[in-house]
Every structure is written in structure tokens, then in C-alpha cells.
Amino acid sequence: MTAVGEYGVVTVAGHALSRAQVEDFLYEEADILDAWRYDDWLALFAQGARYEIPTTDYAGWSLHESGSFVDDDYDLLLARVKRLKSRKAHAENPHSRTHRLISNVRAFAHEDKLRVTASFVVHRARDGQFDTYVGRYEHLLLPTDDGLRFWLRRSILTHEALPAGARLSFIL
Amino acid sequence: MTAVGEYGVVTVAGHALSRAQVEDFLYEEADILDAWRYDDWLALFAQGARYEIPTTDYAGWSLHESGSFVDDDYDLLLARVKRLKSRKAHAENPHSRTHRLISNVRAFAHEDKLRVTASFVVHRARDGQFDTYVGRYEHLLLPTDDGLRFWLRRSILTHEALPAGARLSFIL
Amino acid sequence: MTAVGEYGVVTVAGHALSRAQVEDFLYEEADILDAWRYDDWLALFAQGARYEIPTTDYAGWSLHESGSFVDDDYDLLLARVKRLKSRKAHAENPHSRTHRLISNVRAFAHEDKLRVTASFVVHRARDGQFDTYVGRYEHLLLPTDDGLRFWLRRSILTHEALPAGARLSFIL
Amino acid sequence: MPQAGRDGAGMPMIVEDWDRLTFRVNREAYRSSEIFDRERDNVWLQNWLYLGHETEIAKPNDFIVRTLAGRPLIFCRDTDGEVRAWLNSCPHRGTVLCRETTGSSKLFQCFYHAWTFRNNGDVAAIPDDSAYEGSEGLRESMKLRAVPRLETHEGYVFVSFNPDVPPLLEHLGDAADYMTMIEQQHVSGMTTLPGVQLYSVRGNWKLAVENAMDGYHFSPTHNTFVGYLRENGFAVTDDDQYAYNLGNGHSLLVLTGHGGRISMIWEPRFGEDERARTAAHRKEMTERLGEQRAHYVADESHILFVFPNLLLFDIEGLSIRQLEPVSAAQTDVRAWQLVPRVEDPASRALRMKTVVSFVGPGGLATPDDIEAYEAVQRGIEATANERRGELDFSDMSRGMVDEVKGVQGRSIDEGAMRGFWRHWVSAVGIDNGLRVDGKRPASFLEGRDVR
Amino acid sequence: MPQAGRDGAGMPMIVEDWDRLTFRVNREAYRSSEIFDRERDNVWLQNWLYLGHETEIAKPNDFIVRTLAGRPLIFCRDTDGEVRAWLNSCPHRGTVLCRETTGSSKLFQCFYHAWTFRNNGDVAAIPDDSAYEGSEGLRESMKLRAVPRLETHEGYVFVSFNPDVPPLLEHLGDAADYMTMIEQQHVSGMTTLPGVQLYSVRGNWKLAVENAMDGYHFSPTHNTFVGYLRENGFAVTDDDQYAYNLGNGHSLLVLTGHGGRISMIWEPRFGEDERARTAAHRKEMTERLGEQRAHYVADESHILFVFPNLLLFDIEGLSIRQLEPVSAAQTDVRAWQLVPRVEDPASRALRMKTVVSFVGPGGLATPDDIEAYEAVQRGIEATANERRGELDFSDMSRGMVDEVKGVQGRSIDEGAMRGFWRHWVSAVGIDNGLRVDGKRPASFLEGRDVR
Amino acid sequence: MPQAGRDGAGMPMIVEDWDRLTFRVNREAYRSSEIFDRERDNVWLQNWLYLGHETEIAKPNDFIVRTLAGRPLIFCRDTDGEVRAWLNSCPHRGTVLCRETTGSSKLFQCFYHAWTFRNNGDVAAIPDDSAYEGSEGLRESMKLRAVPRLETHEGYVFVSFNPDVPPLLEHLGDAADYMTMIEQQHVSGMTTLPGVQLYSVRGNWKLAVENAMDGYHFSPTHNTFVGYLRENGFAVTDDDQYAYNLGNGHSLLVLTGHGGRISMIWEPRFGEDERARTAAHRKEMTERLGEQRAHYVADESHILFVFPNLLLFDIEGLSIRQLEPVSAAQTDVRAWQLVPRVEDPASRALRMKTVVSFVGPGGLATPDDIEAYEAVQRGIEATANERRGELDFSDMSRGMVDEVKGVQGRSIDEGAMRGFWRHWVSAVGIDNGLRVDGKRPASFLEGRDVR
């Protein structure tokens, strides 16, 4: 059993990373999203990164070859952020109140990236409704000298179908 | 990127504090509350501390200048605990069964205090109902030689309104 | 206040253990269960270990002397796993989709074992229903040179009764 | 009878017995969704309803959206400063027009097809209106839909979905002056504050009304709060205090033994600094209002119920409570704190702390009231469709021994409730809703003259 | 027909065809909320219902609150030791009187206005009762409301909301002796234990009854449990086992091929130590009960259904299961483990482990039964309002080929279900609920003599 | 009127006024559960319904379970390759027969009693069938229950619960050719892909139909998406585009100003590589289909509605959307992406990215449509049981000025909606559902000839 000092440290592309650092990154992102700070959110992505949400029947296929909920390359990600910042994104104006719980965070070296999995619950209050989105993150993070960056941000829903009123007009 | 050893340590008034210590403090409080050990709970507060729950329309105002759900100075906090320990606090006799999830814990130095934010979900079972309270902590903690103490304990609800049957007769 | 390096380390039977290690163990178990990898799950138990789920009226009694939901000695645990791996365990074929949040993890030395408490929420999607199981773990873990092992795996529900459609046909 | 029991149709809702001196209320009145529908049609869509307070929309163009009688409304002050109540539904295809909960705007634009309206209801723009016959007539016919009636008393804005409802003051009757008394507490007048308590109880709205008019529950239900006051040097008493029926279903509890009259009667828990401020303010009141009026305004605590959806708590601070029934078994509650427009910051802070310590789902008292509504709503399931039909009635006979003699009922009697139920049964219009056994008094005491 | 289909009114619920030898049940019986309401009125409010076991309230002043037929009740033993069932609703204004789920108390005090009652129903205190006419009459009229009837057999406490229901033993008929047999298993008698399984299934209560009387499902549905038994040296068989109608809607499955008869028939999985204890106990039984009675008590597993809400599982341990219908599509289930009052700790531990391994939502068998109820409840939506009306019926014809000849039905036939449904349709009283085509036998086999 | 309002019975659902040129729809049509039940009985159980696409079950023995009109079905291809639709309910006691959502199997075995069926409906096994009279007749009578009618057009599989429904092509009428056009886009033909969007909206299904036929909402509602297209070099326009009624409740929007015609009309956002592939494909199309047909197939975007539950979006990619009403206020939606069977991987990736960027709950456009349905459903509560009954109607008069003259309606008019509603009111069969004031034109434009 390793001594505690180094316990749980993963080294990727010369960066020694602990779970705590990954958690801090994900917690910061959650606060940024709940505060609707979309420019700051974009800054958490590496150039050319992707944002994906497969459908609820997802069985591991490529989103290039299947239907999905979100299949954003970096250009679409920019368009999505621009939309969300617009007063005319009616589905999110007024903004949803969101609240995020991120737990069961695990990190693994994956070539030059960090593969991160976590459980999430996102609560969303709007129009007198209170919706709950349950799922799992399967991200690829890029360690840089300025900290971690998203290379692939993927949210996989546990639901069998999006429940009534649920939509992915905000960032899951 | 800092070495793991000191990663994430915040120093406040000469006390070096890690997120793990803050989490342990919040987890211990959660167990104390779920076990209905109110004297022990009171002992987690510094003399003169406050307990606040703003209303669901909260926009950052002072509770001295607005309506709220809970606006306890230390005296009222003592009265609240005394009430909760009484068999005559009918709203909580029989006691609610509560269960707490605390996640996304973040800590920041704030003058001589530690500013702590976290996401919480409190489940409450009573009278055949199962209610869920979702929100965010924004506490100020005082580091002492005997450990951390609440200076301001504030729970901010994510709900647009308290849902049917929900009440704050217990500690949120 | 202890220096961060050793903060929160519990030493049991000569094994220095941090909360992070316990969390990693529980997170790994959660992924194993969600992935329906029951042989791997069994490998997390020490020979002779038990799996218990008391009823919702549980008041601390021995399951040898009371009714319960699950009262598995090691033999029954083997039978349970064998059943779950069978295509004929109709209640779980098709498998439930499960998702687990584990939080508020605390670890204490308990003789030669580690007493671990945590809050859990298990979400289960099946047949168009989405059920939530809320409760608390009170485990006894055995530190071994190959890592931690379950000696007693106990899930205690917060519910006053199992809600409609809920069942414990999967591992809670 | 069980079938009848299932919807309560044709059963007596109230049984008065003047030989036995008993008054019983059929528990179906709290349970039945059919009765809930009748209440919606015959009370909520016919009566004056409290919508909100002028000070919530203090400035021109301020707006708030609020649901009343299940209808989404826009409560706003138009650009010319006039208070308005619009249906929050686009005249085109019905979309919620204003999806923000509050704000300030001259225009309301529907996001679906961009029809745009001024806050005075006029059509500002209909894109490509050449697709319609007679675009002028169109603009006329497509104005925002107003709630038919809106009137204000002392800043309290009432509306009615019934264009033929009598004038507000006629409806308020004796209740009006108690709203005036609140306004008179401070020379600056009163204002609501941000920080609205929005919550919902699993109980019928009438249980919340009964509870507010029920002094009998105070000491047992609020045992812990009474204890808190006692420890802080105030001895609560229920003696010599009365409950009044004000007519039209309104009622009033006058409490002189419960304290919490900030800036009017000092108590040790308010602290020494507050003592001087209180004395000065009382002096100002007496000069302004005269000895006797000042006494009524300052020395009594009042709980005023304005039928059917407004409760004013002039006790432990001042709060406005609005009841919005959602179903027979659920009621949304909204509570605003009312404070002097001009007030010393320390008094203000004391006031806010004090009022919240008492009222609201986080206070030291209201949660026990909520527990009561909910425990009643659950408990009355025990006699649903009961063969022994008489067991499915709740007793509100307290004080009939005095009532039959024409003696004013006490706060710890149940006379205010009886007045409420007598009005309710006629307002809801249930055939044979009231059964009277024995000889009913020619009249009941009503109102109270403090002018 | 679709309209009819929406509530099932006036449709045959059961179609017996004695030419084709088919028995069909209208699936509306599981789906319709109107039929659920009729069941509530005509069965649950008329029949004897199992409330609980005496040993749950072993000592004077013990109480438990329990909902039965949707009514909150207090099940208690009064200070004099008498078993009582009170409506858990304050006679004053209906508040839930006892909000604790279980405990011990001489008095029940309502928290709302502090009215206080003795556990024998008497009024102990009404604060300020001078506000009422004739306080003596008041105390008389305001006693706790009792469930009209309560009788006990072998510790099983039954109540009825119908004061005119015939005596319990008359209702139980042949079922009574099977409850006696359980009591006779051990000289010390039986007791329930803490650790009550409370769960709820998304299915109609009658699906739970059918399932319990259905030996046909055992090997396919419980394939994995049968496998577990087999690996542990017990070969399960369904041969030569029978299902009996006991009259009044009660029925019985007698199983001799399923084992799990702890302390009566040893199996390898019980371990060597248990072997000796079993032999000794069998010897004691034979001395006490005689050879033949001991055989019936010890060697057969029984599943007994007492109409409408009690199931006794004398197999793989002993459990009591109570059905509390919540809606047409949901049923609350409560299960207690019944054990000898005096037992070797190792046997007790073995018993608890064994019973729980089989029954309950965490066992290795019950979850598959729950899956069945729920899969049926979902599946029957496929034929709701079906034009081809005959497709909206479930088939329970198994064994009619024997039944028509008067031959006793097997456990793997569906005769016990047919008996249940025949009783149900007359009890619920649906006009033309039963259609009989062809020539019905003059009578059906009923009961079984083991005395 | 309020009572009437509660279920909408006997009220006009549509009011056409040919003097004022107005068309109004009663909002009760979106709210009333009684109307929902009538729709279920008179439309969903009578009409052809879109079940799924052949390519979802490409190979023999493939199956998918799917709920249609609230009925659980098995949609499968049997071992001989024939497409089937079975009720997913065991003929024995109704259990859901196939509990997997998708897979491949020759047999369906019910887990309850192990009855087993071939995917062609035949009984494969009934354990111990000696318990039944005439096991041959049993096997005949216990075959899987088929949905009475199933027909396919261009791979689109339709079913009807009404055995007497006219042939599919007769029902599809002019809509059929637009499905053919989609199939003709690529020589390889089209296929659905895995990755099905399953979501549910809090709105009435008819709001989703209106929204799809409503070009008027496009620029205001999808302001941000229009902006995105503009920035990527495509100028969206609504000019010279039309909406057609195709009869039988079907309708069509033809859009030439909205782009997104991957592999048919190149746009800068598709990238340079795609440019050449597009040119080549257009050349192939022209050769295969001829100049004019190729033009109709390639150059126009189409949104096709096939009454009552199918929407085809031939715009920004190709998607199939199925509407499954759950209640008056909730609709389940399912969306499949349709792609050429053979396609360059880069084009495929571009197509998937593009279609998802537009449609579905995660796209940049659909969420605003969902917001619209839901905001309407909430908004129309404002006029429920309104005394001023005329306010409880939504306006769909756009373009009646042209319609009355027999001029083809534009995409930004509301003519397609009027056609839908006129068909709906007769299909649902509400007495006096339609009120016509003034002189109605002898006929309305229907269809469009592109052959």
C-alpha cells in the first residue's frame, strides 16, 4: 500500500495529477455554469475540443455515425455559447436555475490525456418545475501548464428517455 | 503546477487548511444533524455566529433589510436549538428522518475566515412523504486551535419556492 | 492542527489509510456494480463477509433476531451473485440501469477493521420508471496487502418504506 | 352515502344544532375535489381577491408575474404609473407572454411570433399584419386581456374575475379600517420588502383560515414559542381577548396578550436602544392620531382575515399572507413583510429578525401551524365515506354557549370560524349545504366599532 | 364499448364457458379506478380485514399506527390489556392524534388543542371545557372513535368497519384451522419480530393474490431459486400437490415438494447442528399433537390466503403478508416474520436468514413475483378499450377439465384463482359481473378435512 | 359554462368567421382530458398510425418494443422476414411478453409461466398443456395478438387498431409522394440510425403539429439559429414559400429559403471537400430522376405532417419525428435520423453534426420550439373557465384574406393549421365542434402537383 503522500497521483505527459485537482476543476466548472459565466466556461476547453451528449439508447457508438443529443465540434461549441449568451435564446431566457452535484470522481491516464469519470446530478428549476438530470461524465482532460482543459466533454444520461419537460438547452 | 503535497492548501490566520479538513467538518456536522445531537451541533458554532436561510427569490441582499426564512443571530440560534430539543416542537416531533449529501466543496481565504461553498441535497422522510431540499452552502468558517467553527452558516435554496410539505423546521 | 501531509490518516492493523483510499474503493465498487461485473464485485469481499440491508424500521438490532431485507452470509452472497449472473433472474433481466452517488465518506478505526460511513443515492431506471434509493452505508472494511475488502457491507435506507416499484433485486 | 361521500354532493356541509349548541363541519369540505371546483367557480372567479401590494411595483414599468385562482397574471404599473393586472397569455395563441418573474419593462414581447404589447395593454406591433383583415380592428381585438376589475385600498390591490362584483370598499366593509390602522402605524406609511416567503402546504386552504382565527391552539401548539417569549420577559396570556366576525366572511382576532409590537410596545428582548425609539414613536403617534386611535393602532395585535385569500398579521411584526389553493389538499402560500418606509436601521434589523423568528416555514411558530394543517388533512381520511356519517364532521362549537346569548366570542372560542363557514356555505352555493336544528338566534354579532 | 371500457361499468368481469371449459377475467378489474372504488366500498369497508398480530403490541399501553383501507388507525393494547383499534383522528377537528409510528403510552394527546384521551378511548382532558354546553355529554360524545368490530383468532387481530359483519370465526371457516396449525408448530407459541418489510408494488392487489395461489409460475418464475435449492441438496417438485378453495374467498396451497420447513424437516443447507434440534422438535410435536396432526402441521408447506388482505406463508420460514391497496395500480405490502417465542439462537438465526433469502423485496424469489405483478399491470394496457373486447381478458382455465369432473385441482392449476374470482365478483357486486356460458356444475369442491 | 368549460363538451372547438375573416380554436382542445379520451378513441384507435421504419428491424428476428396509443407493442421482423406488430402482452394473463427494449430473437418467452411464442405469432410451447381442454384449439386461440392492420410505404411502417381502416395509400394521398421524394434523394435509399432521441414535452400534441406547420414563428423563435446560419454565409428568408394542405389532415411546408440541404445544395459551413461531393451527387440525381423531379427532391426543404403522429423534417438533414400523446398536457416525442444507406464518412459526420445542431432537445433550435409548446400549455390556463368565453380561443386567422380568394397560403400564414383543425374536429367527432359564421368558400385549396 503506497504511502499517503503520493497516493492516487496519476502522471500524464509529465504532469503529476491528483484526484483532488480533477475535482477542483470539475467543481469550478459547475460553479461557472450555475453562474451562467459562459466565456469563463469556454476558457476551460482546449482549442478543437468537443462537447457530446449521446442519446439515452447509447451503446458506445461514434456520434459521427449515429443520432445524438449534442455532437458539437469546436465551431458548434462556439455557436452554442454565443447562443446561450444571447437574450434571444428563449429556451434559456429567463435562465434555468441549475444546481450540480458531482461525485465518484475517478481519473486514469489515457495516452497524453487524463480520462475522468464521475457521477453527476443536475437539478434545474424553471417555470415552477423542478427537473433532475442524472448521469455520468466521461471526459478526456488535457493537462497544461495553466491547469486542466477539456479535450472531450461528454455527459451520458442514465435516464431511459429525457423525462417530461427536460431539455438540454443549458449545459449538462 | 504545485506538487501534490501542498496542493490546495489555504492558509488563514496562520492555519493551513485543506479541502479535506473542510469536508470532514461538514460531514461531521451532517452526521450530528441526522442523529439529532443538537448540543454537539451548537458546539460547532463560534460565539456570536449567525444562521441564515434567504428566501427563494434571494438576490444577495442583507437579511437585515429583507424578508427571509431564517435570520438567526446567536440568541435566536440558542432559542432554536432549545426548541428543537423540546418534545413540544410539534413540527419535528416525531423527528424527521434526514439524510444529507454534501458535494462540490470549495474553500477560499476570506480575511481571517474561510469562505466555504458546497452543494447540498437534504432528503427528509416523514408522514409517508419523502421531500428533497436542494441548495448551496455559503458559509464563513473560523479556524481555531480546536478546529473549524461556523461564523456564518448560510443555506441557499435552489428551488423557486419551497415545494409542498417542505418546511425548515429542522436544520437545513 | 496537524500538518496536511498526514492529515486524516487512520492506521489500522499496520495499514495507514486515508479517506481518499476509502473513497476510491467505494467509487470503484460503484462502477463495478453499474457495469454489472459481479465476479469483480465478489472479489471485493473477504471470505466469510456479510451483506446486510435492514428494514426501514431498523433500530440497531441484530438481523439474526429480526426481520430484514437482506441477511446474507457468505454462502447466500455467493448464491445471490450466481442468481444475478443468470439470465433467469427475471427481476433484473433486463438489467436495471443504475447510477450511484457516494458522498460524506468518513472512516474510523474499529479494532482491526475500518468502520466506514457514507451517504448514498442510487438511481435506478427500468420499465419507464426512475426510482431513487436514499440511504447510508455503514461498512466494516478489512485492510489487506491487496487493498481494502468488505467484511460487512451494510446499506441502511432512509426511506420510511420502500417506495412503489422499488425493490432490492439489484445490489444497493 | 359512500358515493355521495366520494364528492360530497347534496350532503349538509354544516350542521348547526341550537338545542345541543353544537356546530359541525363536514370533512368532505376539505377533501372533495368537486367542492374544490365549485369553490373555484363560485368564490375565486366571483369574489374580490387580493393580488398584491402597490409597493411591490413601486415605479412605472415595474412588473411581477403571479398566479391567482390558477391563472397566470402580470401585475404591473404601466408607463403612466397606473396599476394593471393582465392575463399573462398572448392573445394570439396563448403563450405565456412574460416569462420573467419580475422586472421593469415598457413592452411585453411574446417570443413565439414577436407580437408586442405596451404595458397599458395596447398592441405595439404585430409582424406582417397585412396577413389579417383590417389591421386596425385586429389591434383593437388583440389588446392584452385585463382582469375585469381592479381596485386598491391603502395600497392593497384587489382584483376580480367577475366584472359585476360590487365595489371593493363595500366588500371590505369593517375590514377596511384595520388595513388603514396598519398604514397609520407610521407617518411614512408602509412598504413591502424583497424576500418573499413562497411555500406550499399539504392541506386545504380553509384549514389555514381556521388556524389563523383560532386562539385556542396558541398555547398548546406554540408551546415552545410561548416559552421563548416567557424567557425573554414577556408573559403571554389569552385572557380578555376576542374574535370578531366582520361580515362578508371577514374576521378579526384582537390579541392584547401576545406582544411583539415593535416600535409601539417595548419588550426586554428588543434591547435598550429600541426602548427610546419606541417611546419617541408612540409620542408621534399620539400627536398624529389622538390618544384613543393611537391606542387601537398601537396596543392591540390584530390578525385580520379578508375573505377568501388574504391574511394580515399585525403581530410580531407585520406580514401579509396570501392563500392560493392548488387542489383540495394543497395550498400555495406567499408571505411578504410589511415595514415602515422610513425606519432606523437597527429597528429594521430587529423587526426583520423578529417577524421571521415567528412567521414562515423557518420560524419558531409557523411550522407547528403547518404541521396542524397537514395533520388534519391526513387525519380526516379516517372518516372518509364513514358509514357512521356523523363521525365525518369536525366540531367548532366552542363559545356557542355565549353566542346563543349574544355575548361576544373570545379569541379562544371558535366563533370566528363559524362566521367564516356560514359565509362560505352560502358563497359556494351547495344545495342544502347548511342544516339548522333547533332555534337559530335571529342574528349574530358582527363587526366592532373602534372609530 | 370504449366508454364502457374506461370504467368497466356493466361489463362482465368474469366469463365462464363450460362447453369450451374456459374461465376468463376482464382486465378492467385490474385497471379501473371505478372498480377500485367499488372494492373499497363493498369489500374493504364491509369485510373483516387483518389488522395485525397481538404480539406486535405485547404489553399494556403498547401502540402502533397503521393505515387500513386508507384509514389511519391506532392499533393498541390499553392499560387494562385489552386490544383496541381507534381511528387515528382527533374527534375535535380531525388532526392525526398519534403521530408516532409506534411506542407505549397511557394517553394520546392531540398537539393542536391538547385534547387528551386514554388508550381505552375515554376523554382524559379537554382544556377550558366550560366553553361547551354540558361538558359531561361532551366527554361522552368526544370519545375516541373505535373501528366498529374487532376480533382475534390465534393472535391474528381482525377488524371490520361494518358493525353488522358476521362473527370472525364464521368468516374464517376452514381457514381458521390453518392458522391454528401454525400456532401449534411450537409449544411456546409464535410471535412476530421487529424488522417489518414495508414495500409497495406497482400492481393491482388481486395480482398479488393470484400469484400466491399460483403454483404454475413457481418453476419458471423462480428458476434461480429452484436452482439454489437444488444445489443445496433439495429437489423441488410440483407433483401431487393441490390447491383448495376454503370458501368465503379464502384459499390454500399445500406444497410438499418445496421444503424450507425449518425445525420440522431437516435439509443439508440447514447444517449438522440443526439436524439434532429438528429431530428433537419433531419428537416433541408428535407427543403433543399426535402422529397425524403433527404430520399435517410439520410435513406440509402451506400458503394460506384469507380474503381479502391476509397471506400466510408457512414455507421457507413463516411470514405474514398484509395487502393494502392504494389505487387500482398500486398496492402497499407489509410483511412480518413469525417465529417460535422460545427458540435456540442458532435456529433463530438460520430461520431469519432463510426466510429473508426467499421472501421480501431483497430475497431471491419475491422480486421475481413483484416483477410479475408489475409486468402484468403494464402489459394489460395493451388491450385497454380494445375493439376486439374478448382480447381484454386473462385466461385462468387451467384444470377446468378436472374441475368439471369434481376432481381436486392441483397446485399448478388455476382453480384457487377461479374460486377467488367467483367470490370477488359477488362481493364487489358488479351487475352482470359474471357471465356463465354452457352448463355450470351444480357445485364446486370446497375445503379440505385434516382434523 | 364553467362546468362545460371543465370538459369542453358541447362547446364549439372551432369558430370560423367569413365576414371578419377570423379562425379561432377553443383552448379547451389543448387542456381537456375528456377531449384527450375522445382523441384516443376516435383518432388513435381508428386511424393509421406511424409505428416505425423498416430499417429499424433490418434483419429477420430483429425486434423493438414501442408504445403506440398507450399500448405496448412488439415491432419485429419474423424469421421469414415479414414485418409484424404484436401486442406486447401475454395472451395467458397479460404479462409484458418481451421486456427487452430491442434485440433479435426467434422466440418470445413469457417469464411468468414460460408460455413461448414464435415471432410469427404461433404458440411454440405451453407447459403442461394437458391441463386444458383441446390443446390444439388452445394453441389456435392463444396466438400472439396482432395489431389488426399493418402496411408499409417507402419503408415507413404504419399500423391501425381499426381493422376496417381504408388502405394506407388511400389515407396518405398526396403525402405519399413526399415520402417517395425522400427515398429518391439517394440511389442507395435511406436508413435510420441508432441514436434515437427520446424526450417528452409538457404540452399537448397538437401544439407540436401547429409548431411544425408554422413558418411564422421561425425568425422570432429561432432568432439565434438564424443568426448562426447567417454568420455561416447563408441568408435565411421567408419569402415566396408556401404551406399546403394535402387532405386527410396531412400538410406540407415547402421551404426554399432555409438551407441545410446536405449533399444537394452546398453551403460554406459544409466545408470545401463537401462541395465536390455535392456537385457529383446532384449530377447523379439529375441523371436518375430527370431535371425537374431532381429539382423538387433536392432544392426544396420539406416539413411533412402525416396525420396524426408523423412529422418528416427534410431540412438540415432528415429526421423522422413520432408523437405519442400521454395526456392532454404531455406528449412523448421520438426522433430518428434518416441517412443514405451508402455515404462518404465525412459527409455522414457532417450530416449527423448538422441535423443534431438543429433538431432535438440538445439542438440550437428545437429547444425554443419546446419552450413554445410548454409556454402555450401554461399560458392557456389564464382563460380556463373564463366568463368571457371568447377569450378562451387562440387565433389562427393569418392568410384567410388570401384563403377566401382561393390564393395559396404562404409558409408564414396559418392555413396549414386551419386545414389540420378542420380535419381534427370531424375526426374527433365533437357535436357542434365547428361553428361557421358568414359564408364559407365552396372549397379550399388542397394538395400540390409536383409530378
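In this document, chain identifiers A, B, C, D, E and F correspond to the written order of the chains, with residue numbering beginning at 1 in each.
The rule is simple: contacts are C-beta pairs under 8 Å (C-beta built on N, C-alpha and C of every residue); 3 or more make two chains touch, one makes a residue touch a chain.
Being a predicted model, the structure only gives us computed values, none of them experimental.
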{"item": "Partner chains that chain B and chain F have in common", "value": "A, C, D, E"}
{"item": "Distance in touch steps, counted as few as possible, from chain C out to chain F", "value": "1"}
{"item": "Contacts common to chain A and chain E (chain labels)", "value": "B, C, D, F"}
{"item": "Most widely separated chain from chain B, with each centre as the mean of CA atoms", "value": "F"}
{"item": "Type of chain E:chain F copy interface by residue overlap (half), same or different", "value": "different"}
{"item": "Distance from the mean Cα position of chain F to that of chain A, given in whole angstrom", "value": "33"}
{"item": "Approximate Å spacing (C-alpha centroids) for the pair chain D, chain F", "value": "48"}
{"item": "For chain A paired with chain B, centre-to-centre distance based on mean C-alpha positions, whole Å", "value": "27"}
{"item": "Residues of chain F whose C-beta touches two or more other chains", "value": "99, 101, 111, 221, 368, 371-372, 378"}
{"item": "Shared interface positions of chain B, touching two or more other chains", "value": "5, 20, 90, 101, 103, 121, 127, 160-161, 163"}
{"item": "Listing of all chain pairs that touch each other, if any do", "value": "A-B, A-C, A-D, A-F, B-C, B-D, B-E, C-E, C-F, D-E, D-F, E-F"}
{"item": "Interface residues, chain C side, partner chain A - complex", "value": "5-6, 9, 15-18, 20-21, 24, 27-28, 30-31, 97-103, 121, 123, 125-126, 128, 130, 143, 145, 147"}
{"item": "Touching residues on chain F, where the partner in the complex is chain C", "value": "99-101, 111"}
{"item": "In the complex, chain A residues that touch chain C", "value": "1, 3-5, 7-8, 19-20, 101, 103-106, 117, 119, 121, 134-136, 158-161, 163"}
{"item": "Footprint of chain E on chain B - complex, ascending", "value": "90, 93-94, 127"}
{"item": "Chain D residues within the chain E interface of the complex", "value": "2-3, 6, 20-22, 27, 210, 216-217, 220-221, 368, 371-372, 375-376, 378-388, 391, 394-401, 410, 412-413"}
